[in-house]
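Shared chain: chain A. Partners: chain B in the first complex, chain C in the second.
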Partner chain A sequence: MTPIRGFLKGKDLFGLIGISNLAIIATVIIIVAILGIEGLRIFIKEGVNFISTSVWSGVRERYGILFALGGTLITGVMAISIALVMAVASSITIVEILPRRLKPLISSLVDLSASIPTVIYGLWGLFVLAPLLANIAENPLLSALKSYLGSPGSLGTSLFTGSILLSIMISPFATAIVREALYSVPKYVDEALYSLGLTRFEVIMLKVRYIRRAILVAAMVAYGRAVGETIAVSMVVGNVVNPEFWKILNPGYTIASLIADQYQNAESYYYMVPAIFGAALILFAIGLAVNIAVIAISRGARYGD
Partner chain B sequence: METRILRSYAGLALAVVITVAGLTPLIHLIAVVAVNGVKAISKNFPGFFFEERAIPGSEAIGGVGPYIVGTLILTTVASLIGIPISILAAVYTTQSVRTRLGPITSTFVRTMIEFPTIVVGLTVYGVLRILDLGLQAIGLHSPIPRFSALSGSIALAIIMTPFIYSQVEVSLREVPTHLREAVYSLGGSRLISSYILLRYVKASILAGIGIGVGKAMGETAPLLFTAFGSEYYPSGGLEALLKPIGALTLGIYTMALSGYSNWVEASWGAAFMLLAISIALFTAIRIISSRG
Partner chain C sequence: MGVNRVLLATIAVLAIVVLGAIAYTMYIQSPKQLSPSPATNMANTPMETRSSSQSSQLVFSYGDITVKAVLPSKPITITGGGSTFVNIQMQSWIQRFRSVSGGLVIVNYQSIGSGAGEAKWFDRSLDFGASDIPISNTTYQRLVASGSDFIQIPVVAGSISIIYNLPSWDENRCGPLRLSGEVLADIYLGKIIYWDDNRVKELQIEECRSLLPHEPIRAIHRSDGSGTTALFTLYLSDVSEEWRTRIGYGYTVEWPRDALGYGEGGRGNEGVAAKVKGTAYSIGYVEYAYAIVNRLPTAAVKNKDGNFVKPSPETVSEALKRGAKNLPPPNAYWGDVPKSFINREGPNTYPIAGLAYIFIYKDIAKDPDMARAISVFLKWILTEGQKPENLVEGYLPLPPELARIAVKYVEQGLGI
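Up next, the complex of A and B:
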């Protein structure tokens, strides 16, 4: 058979569809390259100031994103702390407590919440959650702490509101991982533990210890989500340059919400586009670090140590 | 002994209470969006589905027609780009032997799925901007404007690709060996064998497409720097692909933050539509994958 006839019969065409693979690889490379190229321009201009100062001024062409970096780290840490408690508790409930017939229903509800568009969480966060949290912040006990915690924007927008909304949004992702790990603890472990005469809760807590590595992975995956989440956070975080980002009841910025908030005036200033790319580069670097950590953790033994 | 049993019950109760507390926001969100959304839509029914945005601050609720059309266009064009590429790439990865291209693709896809979506949109914008600046130097313009329906669709295609690819890859790998061997033994070309295998895992591929398209449809962040948003119906035939375009998600975002009460109300209506579609899609995917 000549090569031409083979080609016509579709024998050698198979190699051609590898073009799709090349397209995917090229896309990833281009994304990383463009982040690097555009982002580096701001680092050349601002140097370390870009991540060590808190200023975002197109008019003066000064850019330092410490306030947004701090906002991202703080909202992320608060969100995963809450999300992890949620994830472990709901995994225990689903796997160990619920009657068999209710398990799929509750599991589906959790999974459904992961598939709701984030802008809807943002809408709910802005008009339901933020006013609620603003009321709590007016509580005399908290207003006494105003100088330490700050006070939210007029609509109740704050870094704290952003953290709570984030925790609601990321806990289904953490739950999915913890739940599957808890399901996959071998039956004989259960039997061995019960045979020691332990109570149900003691057995469950030992099983939770047993899957602690999966819980750590869940935390990292959820953190990755939290760092990259843009729209919902942007709607409730206040979008204010807040150099004192540790005062969590103040409105603030995260890196992602900063980028999203600048889309309309980015091209009005000479260095703003590079500054946005620089911010995206930092975001990407955080995400990459989290991913490497996830891979490193899950490489080890699957359970225990 | 007594206290240990008591502590056990207390612990179990605590877990249930936290779970209920965790599910409450979800139930509340669905309820609030449904109530406010239905209220908004019924104020201007059925005009809400095809009218344009109302005058800000007026009594009229207006409609979200252009946003619906925008979401349809963006999702369709993104699917036309993203679905074939991800399926073909997954077929190549699972069916090719002796090349490293497959495993490398899978590694890259795992990175890709973790990219924050705002970063995807931003880089599409960045590439098209540099392309445009470069072409302007020699007196030309970029064939794809950076703020356009097409650039938004490219961003969405990049977002859906890793989801579809991963699903197709897994399902093709799960085809039992005896079946795979039987297909190969028919003596057809590799393309034809792959096609037969694809048909065998049809249900799970459909589910993958559903997940990917659903993700793309619900995205807002990647559209900011690309599709940019527009309150008007796209016009001018295919030319419309080269102009900024609105989307339901972008509409909700801008109207909710506008501060005008009639726009905020309209954003609840749009959110209800989007929520209904995503719940329907989620249920459909569940049914398809449980059959597959």
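Up next, the complex of A and C:
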């Protein structure tokens, strides 16, 4: 036995894992505590108005982040919906359809797109995607739908563009999870399904059903990434306090981009630093709620089978 | 047993990390009473030191000002921070000043934002704070309450350029687009929607009015908090009663035009400039330096005398000279100082002019070497530093009238 082999096994290993875990948990608790302590003043001052009104004014010391909360939820949900469709479709293509020799090439290309720095996505979004979407989607939609989704003459930077850019950015992450799940479906399931005389399409659909919990996990991972993404979204979302945040073809804000925009001179205003910490706490709470929901759903799915 | 020792060591390291994190968070919670932290980049401190008895005297001049300064007897590092606007100029000054002081005075400047600069100076984490606006009322009250005497001085001037993207405009024939403060305020308030609005038209010369299209004006503003927005909205508050009562001025304000869908935010000067460049029929406002360096089409703004003037070192200097006359004492509340440079009279005065300010505590002079170091640095940037060869392109000098007062405040405040 070399010393290295003897190192870390059995109970020792568990002890180490336990302590590392505690350190992580302690860090999270400290972060939440700081957010709460620093943000306390704004919750006392604004109360429920902090999340039910749309105003961000250092001059009047009034802060309500409904507009950013709405923008975060809308872009997050839209981005996940689009990204999941793309992730499932590209996973099926890679696992089931592509010839064997092309598979590694295409999957590594998809993985590579996850490692592009987000600021590059942002630049591309601002200079390529936003004008493109304005011409092919936003302005036609606006003229068709009148003013339900926004004001005419879109510049392309909007919550809608932010959602599309986000979905492109997060789909490689979702794809990686869905793809591996699809690979892990046991061979005998395939064989059994084909032996029943099902068509290829039917088999694929059944396999997707089979891995639906993995898809849920993919959604959760993608959501985590979408909701925290700051710089790229900030570049295309328009950065406007938009009380009518459901008008997704208008510019808006997300909580992350609001924080990035406002922290620099926040200390000049008495309540702006607490407001920023309060917004961060809300962002954290959303993440927690989604995680709990996903865990609950996946448990339900397991027992419901 | 060897394994357990390794485990014990690992636990100890992790415990230290966790305790360190807790200690750090407690540290940032507690107000800082300690003296300023020593310099971060000791690597830059020169190895050779002069004999401590020798105190070399320097003479600086600017316009008709001549000022003497004394170098410290040992190497001193000054840490300052704040305004992002002054950052590029400050770094250039610091670099040139290093050779002026023979490496004896090293200045570090951190571009952390005006608000943070004021706050970190107030809690004495910085030797000097730099900000785009004078000390705020809240901080001033706390300074008075704590009995700490301080001085604030202007260091460099800035201005705002109104930039536009109007494809149908023929600048060769019509000159720059003409705008007035009232019209700008009503555009950003959302009361003037189209380019061919009569109030925009009547500002232009007769034969060019037809070049204004029936297109909505896209008004771009800063989305991040900035001194640029503070100066621009201060001007709008000065010229428009409605702007003053409804919006006010500050680093971040509300933008009523956004709600109509004709307004939008951009991050930083570069974000606003990129949006104006990329959006036909738009206007925006950026730091003068940024517009100059990037050669953006800049509007002429109507001044108090009714003339249309573009920003330039001369036209901004006209405004600063007039404002210099009523500069309050260095330790007074300077809340009204920025207003005294806005919309000043004079045929060739650009109506939007502002200053960046530096704050220092008087008791920093308790250490004679520190007093000498700060004094020689500030005197140099207020005199030699204002000369064109020491200014970064786009930054505007303080007129000698203003620089003289600032030098006097430094000498009185530090006693050297």
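Going forward, the second predicted complex is superposed on the first by the 250 of 305 C-alpha atoms of A that agree within 3 Å, B and C clash if a C-alpha of one lies under 4 Å from a C-alpha of the other, contacts with A are read in each partner's own complex, and residues count from 1 in each chain.
Just so we're on the same page, contacts are C-beta pairs under 8 Å (C-beta built on N, C-alpha and C of every residue); 3 or more make two chains touch, one makes a residue touch a chain.
A quick note: this is a predicted structure, and the numbers were derived from the prediction, not measured.
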Could you look at A:235 and tell me whether it touches chain B, chain C, both or neither (first, second, both, neither)? both
Considering only the touch criterion stated at the top, classify A:23 as touching first (chain B), second (chain C), both, or neither. both
With the two complexes superposed on chain A, say which partner A:276 touches: chain B (first), chain C (second), both, or neither. first
Could you look at A:56 and tell me whether it touches chain B, chain C, both or neither (first, second, both, neither)? second
Would you check which partner chain A:34 touches, where first means chain B only, second means chain C only, and both and neither mean what they say? both
Quick check for you: in the superposed arrangement, does A:108 touch first (chain B), second (chain C), both or neither? first
Thinking of the overlay built on chain A, is A:126 touched by chain B (first), by chain C (second), by both, or by neither? both
If touched residues of chain A are counted for chain B and for chain C, the larger one: B
Doubly contacted chain A residues - partners chain C and chain B: 19-20, 22-23, 27, 30, 34, 126-127, 235, 260, 263, 266
In the complex formed with chain A, which residues of chain C make contact? 2-4, 6-7, 10-11, 14, 17-18, 21-22, 25, 29, 84, 112-116, 118-119, 133, 136, 138, 216, 218, 223-227, 247-255, 258-267, 271, 274-275, 278-279
Give every residue of chain A touching chain C within the complex, in rising order. 3, 6-8, 12, 15-16, 19-20, 22-23, 26-27, 30, 33-34, 37, 55-60, 126-127, 131, 150-153, 155, 157, 234-235, 238-244, 250-251, 260-270
Spell out the residues on chain B that touch chain A in their complex, using ranges where they run on. 4-5, 7-12, 14-16, 18-19, 21-23, 25-26, 28-29, 32-33, 84-86, 88-89, 91-93, 95-96, 99, 101-102, 104-105, 108-109, 111-112, 114-120, 122-123, 126-127, 129-130, 158, 161, 165, 189-192, 194, 214, 217-221, 224-225, 228, 249, 252-253, 256-257, 264, 267-268, 271, 274-275, 278-279, 281-282, 286
Can you name the residues of chain A that touch chain B in the complex? 9-11, 13-14, 17-25, 27-28, 30-31, 34-35, 38, 85-86, 89-90, 92-94, 97, 106, 108-113, 115-124, 126-129, 168, 171, 199-202, 204-205, 224, 227-231, 235, 256, 259-260, 263, 266, 273, 276-277, 280, 283-284, 287, 291
